[in-house]
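Both of the next two complexes hold subunit A, though its partner changes from subunit B to subunit C.
Here is the complex of A and B:
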């Protein structure tokens, strides 16, 4: 179970129910974190279909979008996270 | 103050730049199809709009399908799985969603299916896969068709359950193999159920009955008689014994109603198809008719051999006594006795070569006369049809030819250079005997036997075992003439 510490990436993934891109984004994110950030991540998946108003906190327009809250500054990655290199660069893993 | 204003302005510009960058990235993502939903706000009310088709429609359609069905993206990631698919893998949707097919399916099946979804422009032929479902192997025909799902291209993959069909085909094949085994067995094989009704019978079994076997009761179609020693009264007892778990092997029986009334060797074994009690009985019947016939023939031959040996010993004893009585010197006895025993042996040899069945008269003549003269030369002549003689007559005629040849060599046609012998075999008629005439010519003047020794006795009595057998011996001036009457009952 990932735990929170100084190096923990706090990640929030905004999805829209079970659209193909949303499911792909969840699956890709879990795989990338499992393989590259073992024990160093914390994922929260927010379904904007159920709670659209939660989009405001991070000014989400397109779905799916991944928000890296920690470490600051905040980073956003838009799309289904199928480009692993782009995700890793934005998560500052490589 | 000025500095703090500049700081605030710079921060505002950075924020604006960040927001412009985000806006550009968002627009690019929408344009590139990297997202399939957007948040729109109207009067403070945010709402999520899904781009492309509503996934609910294809989900409802898939849910109504009887085969297992999944929607996957180009990577094989599950976008939806219907109830039948979830049942196959005993998983709920929350645990399946977003997983790759290769993570769910066993390796070989996953490899086959991955080929189906690797070419989105080509329809590929369905593949057959099998894997364990709750510990039981099941077979599926898997096909994949490209579909549009929202903003992406993916595949609808269906899993049609072929297990029952595969099992039925396997059962049918097993049935065909079992039938072929029964049919190709050389021995008679019969399968009956617990009520003795015949369910299978091969060609060899059908030959044991005049009726069609399948559908008939075993005890009616092939009634068997068992020797008292077996303690079995009828074939049903064999079946019942095997159904109780005691298979019986190699029980001799007689099938009186079978064509040719056959001797058989019966074995009965339970027909075990499942772990439950036997469902019937498998009987094999080995036809012993030929073997029994051979045994009877062998028994007969043994008795015949015993009889012949006793007869031969009695004959040898008689020859010995009578030769001794008719010869005056030991040398004379030795010569005559050896000659007669050799004559007997020559006919015996011929008979043994012919399995003691019958012998050609010409062969007997050749064997007995050849020690004294060239039978194929000018001095020996045979006319008339050959005759086949049974052993009793063959031995007698052999001894007669020996005595006649010995006499001809000593005193008759073969004693000089010019004499000859003609053997005329008369054809068979309705008469009770067949005549064979031995005629000597051109020998020295003939006198009657100076005394009627054993040779004369052999000639005159050897065929007297039958009222239609016998010889007449005439001493013509031109040579000896012997008319031999062979009983017709001893001519084959």
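Here is the complex of A and C:
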């Protein structure tokens, strides 16, 4: 398991049930991280269908939403993450 | 069943608690359907929505969810507190939930396809947590600035409205007014049931809020613009429409408070429900006469409402005290309601609406508007005329006697008064201020009084500390005079009269003397006559005696001659 250091990207992906968009987002994110951020990421997938109150707490409107909590500032990406280049830019991967 | 025919019953409606609006729509907003309330910034959309929500939660046991896309919950609570709504308590008791949906476009990037399922989930959670029946979305258009993929957004908003409708939630959606369209993002395309337009117009530097029902499917509704008001009494729409000419008439008389004036109309004053215009130049006593009406009504146990656009309550009370009219007591007794406002404070419509609201809540017998001319400066003639028509019609339909004062410009001729007032009015009291011989004299003339026989005389109008009196003018020598001229003429008349009296006395005395003299002469002549008669009688007697003496002597002589 990757250790938590300054380079670790803490990523939370909010989905709602097993919709095609959600499943696409999960697989896209895992693939991008595996290829570009080996060992420097931590992914948590939250299904809001199961925990709707988290949508309120974490201020989620659109689905799927990827939240990069670390490094700060918090960055949100919405969509199915189908554009790899854009995802990398927004995750600030060199 | 199929043989039910056309649906006669109108659709179910939910009361909004907005006074006037519920009457206007015959029951409020369509139940279980979305209603779009659109308007430009600051025209009261949020307050409309909040009133709808709070009324449901507080009075009708219909909990509500307020979804705010702009303001923070704390701000909303503070804002509606100004309308007298205690949202905090409703939130604590589980009647209202405020769901704040904030989207900051600066921290969001869009990559690929997405939907707004998060919003749906949050909404569902909030609705289910209190069993909400009412939902407010304020202002969902904010989402358009947060997301770049408008196609997705539009599809999702359409889905949201359908979803709310499927769940039978009565929803109010607010939308910002756009250029050439009702809303900036064309939300009206998605809401087909009920669309309201709020407007905030500034004319002559006076703003008026107006509401119009653009669309209300399945219900009849007025298409006019109605002024509405946001104040401490909440949000109220004031339907103002002309009521036509089918009001009741009254035989009952209303005293003017001036016995001399009542007497001019054969006693008793004007008919109840009349509209009475008092016109005159500045300082001719219009307000005083109006106050006198009020005083008489209050003393008779009736109620009066006095709208002043010139003087404050204290000022009027003080001024009228100098006439022996105590309005202050009537106010403390709750018989008189004094409302003072500057004409420029609201627009005409709003003034009218406020006046009607006041009348409906206070239910007076006498309505005073002082002065009407304050409005002619703020609005144009046709508007003022329309407003007056509505006031007069309204007062008539309620059987309220209306007293309206009108300030005529000194140059204006008597008959030419603004806005063709005359035809609207049942009675017209004209107060004149005529200058003659170095003094102004107040005069009163009853120009018209429908249905009453009335004097055609110009009376002198005198205000003293025991009230208003009307003096009969000097009407000798082919002209009517008032004031000092009247007094001079009257004095002159008196002098002449005296002179004539003296002359007559003198003549009488002379004749008497002459008569006495004649009588004396007659007396003398008569005594002379008597003396003559007596003398004649004496003569005749002597003659007769002499004759009988002679006869006796002759007989004596014959006897003596014969016997011897």
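To be clear about the criterion, the second predicted complex is superposed on the first by the 93 of 94 C-alpha atoms of A that agree within 3 Å, B and C clash if a C-alpha of one lies under 4 Å from a C-alpha of the other, contacts with A are read in each partner's own complex, and residues count from 1 in each chain.
Going forward, a residue touches a chain if its C-beta (ideal position, glycine included) is under 8 Å from a C-beta of that chain, and two chains touch if they have at least 3 such contacts.
Bear in mind the structure is a predicted one, so any value in this text is a computation, not a measurement.
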- request: In the overlay, answer first, second, both or neither for which of subunit B and subunit C A:35 touches.
  value: neither
- request: Considering only touches as defined above, state whether A:16 meets subunit B (first), subunit C (second), both or neither.
  value: both
Task: For A:75, select first, second, both or neither according to whether it touches subunit B, subunit C, the two together, or no partner.
output: second
Message: Quick check for you: in the superposed arrangement, does A:27 touch first (subunit B), second (subunit C), both or neither?
response: first
Query: Looking at subunit A, which of its residues have contacts with both subunit B and subunit C?
result: 16, 19, 21, 24, 48-49, 52-53, 55-56, 59-65, 76, 78-80, 82
Task: Could you please specify the touching residues of subunit B with respect to subunit A in the complex?
output: 22-23, 25-26, 29-30, 32, 34-39, 45-48, 50, 55, 73, 75, 77-80, 97-100, 149-152, 154
Residues of subunit A that touch subunit C when the two form their complex: 14, 16, 19, 21, 24-25, 28, 48-49, 52-53, 55-56, 59-65, 73-83, 86-87, 90
Statement: Counting only contacts in the complex, subunit A reaches subunit B at residues 16-24, 26-27, 30, 48-49, 52-53, 55-56, 59-65, 76, 78-80, 82
Message: For the complex, give me every residue of subunit C touching subunit A.
response: 99, 101-103, 107-119, 121-122, 124-126, 143, 146-147
